[in-house]
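Paired with chain B in one complex and with chain C in the other, chain A is shared by the two complexes that follow.
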Partner chain A sequence: MLQSLFYLGILGAALQYFLYYRDWASFNRDFVLKVRPGKCHLAREHGGTEDVDYVGDSIILASAGFNWEGDVGQLLAFNISGEKTQEITLNISNSPRRADFLGAPHGITTWTDPDTGEVFLYVLTHPKAEDRIEVFEVQKSPVSLRYIRTITDPNFSFMNDLIAVGRDQFYITRYNWYRSGDWVKLAHWLHIKEGTIFYYDGHRARQAVSETYFLSNGISVSPDKRTVYMAEWGKKTLHAYRRESNNKLKPLWKEYLDTGIDNINVDQETGDLWIGSHPVTWRIVDFFGIFGKHTAPSQVLRVKVSDGGVDAVEEIYSDNGEEIAGSTAAVYAEGKLMVASVFEQAITCDVEYLSK
Partner chain B sequence: MLGKVVTMVSAAVLAKFILNYMDWLDVGDTFMFRVQPGDCRTVIHDGGAEDVTDLGEGLVIMSTGLGLGKGQGKMKLLDVNTERVTELEIMDAPGRDDFMTLPHGIYAWKDQESGSWLIYVLTHPADKDMIEVFEFIRTKRARGTMYSLKYLRTITDPNFKNMNDLVVVGRDQFYITKFWTYRPVQYYQLVVEVMTMRHWGGVMFYDGRRARSVVEGLFQPNGINMSPDGKMVYVAEFGNKRLLGYHRSINNNLSPAWEEYADTLVDNIEVDADTGTLWIGCHPVNYRIIDDMFGLFGYALPSQVIRAEMTSDGRVAEIQEVFADDGSRLYGSTAATNASGKLVIGTVSRQAMICDMQ
Partner chain C sequence: MQLVGRFDSGAAKKVHHGAEDMETLADGRAFITSGFQWPLSSKHFKQLYKDQGRKGKVLLFDFNKPESGVTELAMDPQFDGENFHPHGISVLQDPDSGKIFLFIVNHPEGKDTVEKFEFIQEKLALEHIETFSDSTFRVLNDVAATSENSFYVTNYVHSKSSSLSFIEIILLLPWGSVVYYDGANYNVVADSLVIPNGILLSKDKRYVYLANNFFASISIFERDEDDRLTILQEFPIHSYPDNLSLEPKTGNLLIGSIPVVHMMIKHMDAPDVDMAPSKVLYIHMDNATTVGEITDLYTNDGRQISGCSSATIYDNKMLMGSVIDRLVYCDVRTLE
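On to the complex of A and B.
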């Protein structure tokens, strides 16, 4: 009798996990409705731009050519002022002579010195040897980069995104413990909490939270630099933290959003979070091609926040993958929305209306 | 050995059926993101507006009171320029106390010869449905134009039970959808009919004297409308979450042209007279609208409006979501129309909303 109950309990738990996993993977879903904020056009057709950042004067910087092998990618700039967005390959002066410089560029962040106005760009890269953050000074007219230094740390296994809060000071998300491409790809299905957040103080990195996460992905900060936001893609949950005086992060609130949130860009004027996301999980994490040929759909959310938490979540853009596949990031600037994807297109849309 | 295989296969088939059923119910859908085309304002706060239709010149006529009791349905008029809603007085109304009970689908038909508008309103008095026919009257007064409805006649047919919406193709000639077979008072039979997904609905054609069936075997056909040239008839097959297109033949029969899955419970369809674009009010989370039908737990009803752009030969070119809400601002959308460039959205029994569209 007791044994039967025990087996029934195990069966029940297995069934419940099966249903949870099926829902997480969105296996029952293959339909995505279109949503458009206005007319959209192609800014980049192939190659991907995993992360984008707006630096003012109609310029958006981007990391391009993310891949699993550590092959060299590029850094790009886009000018969104005209009717058609212009893509500019960035001239990099003073770059180191390493053959693996800018291998698999991933998350990026910029920081402007409030006194001098100098703009610095930090790019997370994954050359085969180790994760490296390359630091550049940004010139805007004409737009170019000058390499300054490389930041590494023994804590940097396979990281994902970073947000600068001072000169060479940033919060960075760890994605996986192991750097092997095959492990990272497989880990998307394993639901192991390998992720966490570190703070780099200019010299070394130390863990900023005691929690661990499943695929901690995008990270950003509020305009007043007091609140840090993190997108835990694996759990489809948005986290907010209060920054403490010692730069540790105290969990403030979290909100389940039921979609695969990736990178976050915070509008410096309104504090709105612009999030690139993957609405149908199985179509973006099918790295091994088990489910045959298909494209990943795209989505952009605008999250309005206040101290108490999320006030509203708006869907500004949505596509089944024909116009843009696998959106990872979005940035809203000068009345336009630029949507970026990890492997394929980048598009710019006019935003006809934004609620207050 | 064979017994074990049969058991396993049966278990797998049963499991698949249960999963498909749960998916049909939208059991996993917890989140509704907001989508809106511009600033939105509530113009009706209670009583709803189950069906809305644009008369042009900024006037939208609406049937209200589907959730209320006997004889309490009202026809209202929204002026999109002033955003004021007024109740349309009915002249020469018949003395029945069940007149205008639970008004449902409506259609505004323009008589090309006389230039007058006839308004057909489907209502549900106790045991059979009645279509009330009105003339839309404009009376010019010193202080402006006054609008009212003049009752003309009532159309009934022994077949008219549980109808939902209609599209008028000529004077007193229309296609009308039959939603389900059991009446709401036959509660348990209705629960079984819906929950076992009986395809017992269809489309009938009323030729001026009597109704005949032109389409059968549909699962809760809801809204019905027509392309501006009258060649295609569109049906919102609510239960199967899809739009159906039919070719209209000379004798008013319908033949299937296409099916378009919309992944949401499509309710009423309005068609732009100039572009032929479809505007469809929808219920995005199935179990919640079913819960509302059977009065169970009182879940909040989210709202959604989708827009289908059509090709010149009456096929769906593109579907886009133009409005979505989790129910906190708009509760249970059923119909939407593009009136003079503004989006007007009606609900079962609560609000009606108007949104700017850029």
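On to the complex of A and C.
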């Protein structure tokens, strides 16, 4: 009798887990409707751009060529003025003579010195040896980069994205404990809370929150730099934190968005969050090709926030994967929306209307 | 996605008590049915209907004069206006005489009928011409006129009461059908359908589109010489469709639908308490029988419009109607 109850209990738990997993993987979602803010065109056809950042004067900087092996990628700039977006290969002066410099570039962030107006670019890279953040000074006309220094820390295992809040000061998300590409891929299915947020103060990194997360991904900050937002992609949840005087983060609110949110770009004028996201989980995490040939759909959300939490979630762009596959980031600037995907295309859309 | 965000296509003007179905003429005049109630309505809704002073009406909106808003058309005094609960509508304009005829599904006390009216522009009034009634009519939903004396009409469900029809719907019983009136006789031309809702003729009039309300799909039928319908295909749209309309220049389809259907059931019972999300889909048709892309043109959690049942586009403006909620007028900034 007791044995039957025990087995029944195990079966019940297994069924519950199976259902949780089925919903998480979105196995029941096999079609994504098309949503457009206006006419869209291709800015880049192959190669991917994992993260994008707008630096003014119609220039959007991007990391390109993310891969699992640590192979060298690139840094790009896009000019979104004009009917067709132009891709500019960035000249990098003073770059170090390392064979693995710019291996697998990932999250990026920029910071502008309020006094001098100098713009700095921080790029998270994953060369085989260790995770490194490469720091550059950005020149605008013509747009080019000058390498300044490399930041490393023993805490940087396999990181994802970072947001600068001062000169060489940033919050950075950890994705996984181990750097092996196979572990990272497998971890998407294991649901272990390996992630957390660190604060780098210019010299060393310290954990900024006591919580851990399942695949903590994009991170950004409000225009007044008081609130930090983080996309916990594994749990499809958006988190907001209040920055404390010691730079630790105090959880403010969180909201389940039911879609795989990746990177966040905050509009500096309105405070709106523009999020690149994966609406059908299984189609982006099928790293081992279990489900055969398929494309990953794309989605861009515009999230309006206030101190109390999320005010509105709007879907500005949605695609089944033919126009752009696996969108990871989006940025809204000068009436246009640029959508970036980690492995494939980048597109620019005219935005004909945005609600107040 | 269970969470339905708000997506606003532009400025809007509102009307209450429902705007279940509509059809727009080539000159921009749109006819809209309002004041919906039917045999399947719950007791609570029927009481609310009386308390809120809802009544069956036909409204006129002119896309060329949007500032004038909607006008309630005067009902023929010879017709029982008190017992008039309009539902689906189909509008025909005679190319020679210019006369405008409206075919409207009616749910009076008693059996469901299809009413034919002539629209008198100078008086902004409706003149009742004929009532169509037959034993094949169970619970009617939408009508599609093929000439001044012929039409297709959908039988939504077989059961005529609120409770029995609920069971029929939950079990997805194939007890719906399409009836054709050819000017003399009524014939069932498509049978064993699961809860068919909106019906529409293609631009070339050779095909019939049907909204499968609970299957979240659209069926395309071919009309043969005796107007019988042969199924060609059924394609999924991932939202629960109500009425369809045609964009006259392109032949593309515009569909009013509900993305989360259980919320619609609650909303239909108590609209004063529960909202239902709305979604307008724009279906790019490569030709009358080939579906290209499906664009989500408008989605709302119910705050702006609850239970959207129909939409029509004229010259970059869109009118959206709901079964028992509002009428909303929008700018369309992109049809991508």
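Definition applied: the second predicted complex is superposed on the first by the 356 of 356 C-alpha atoms of A that agree within 3 Å, B and C clash if a C-alpha of one lies under 4 Å from a C-alpha of the other, contacts with A are read in each partner's own complex, and residues count from 1 in each chain.
The rule is simple: contacts are C-beta pairs under 8 Å (C-beta built on N, C-alpha and C of every residue); 3 or more make two chains touch, one makes a residue touch a chain.
Since the structure is predicted, the reported quantities are computational estimates derived from the model, not experimental observations.
Trainee: Judging by the criteria at the top, classify the pair chain B and chain C on chain A as clash or fit.
Mentor: They clash: once the shared chain is superposed, the two partners overlap in space.
Trainee: Contact-wise, after the overlay, does A:Asn28 reach chain B, chain C, both or neither (first, second, both, neither)?
Mentor: first
Trainee: Quick check for you: in the superposed arrangement, does A:Cys40 touch first (chain B), second (chain C), both or neither?
Mentor: second
Trainee: In the superposed arrangement, does A:Asp258 touch chain B (first), chain C (second), both or neither?
Mentor: both
Trainee: If you stack the two complexes on chain A, which partner ends up touching A:Glu314: first (chain B), second (chain C), both, or neither?
Mentor: Both partners, chain B and chain C.
Trainee: Counting only touches as set out at the top, which of chain B and chain C does A:Asp57 meet: first, second, both, neither?
Mentor: neither
Trainee: From the superposed pair, tell me which chain A residues show up as contacts to chain B and also as contacts to chain C.
Mentor: Of chain A, residues 31, 33-36, 38, 256-259, 301, 312-315, 318, 352-353, 355 contact chain B in one complex and chain C in the other.
Trainee: In the complex formed with chain A, which residues of chain C make contact?
Mentor: 1-3, 5-10, 236, 238-239, 281, 293-296, 299, 331, 333-334, 336
Trainee: Any idea which chain A residues touch chain C in the complex?
Mentor: 29, 31, 33-40, 256-259, 279, 301, 312-315, 318, 350, 352-353, 355
Trainee: Can you list the chain A residues touching chain B in their complex?
Mentor: Residues 22-23, 28, 31, 33-36, 38, 256-259, 301, 312-315, 318, 352-353, 355 of chain A touch chain B in their complex.
Trainee: Note which residues of chain B are touching chain A in the complex, please.
Mentor: 19, 23, 28-31, 33-39, 261-264, 306, 318-322, 324, 356, 358
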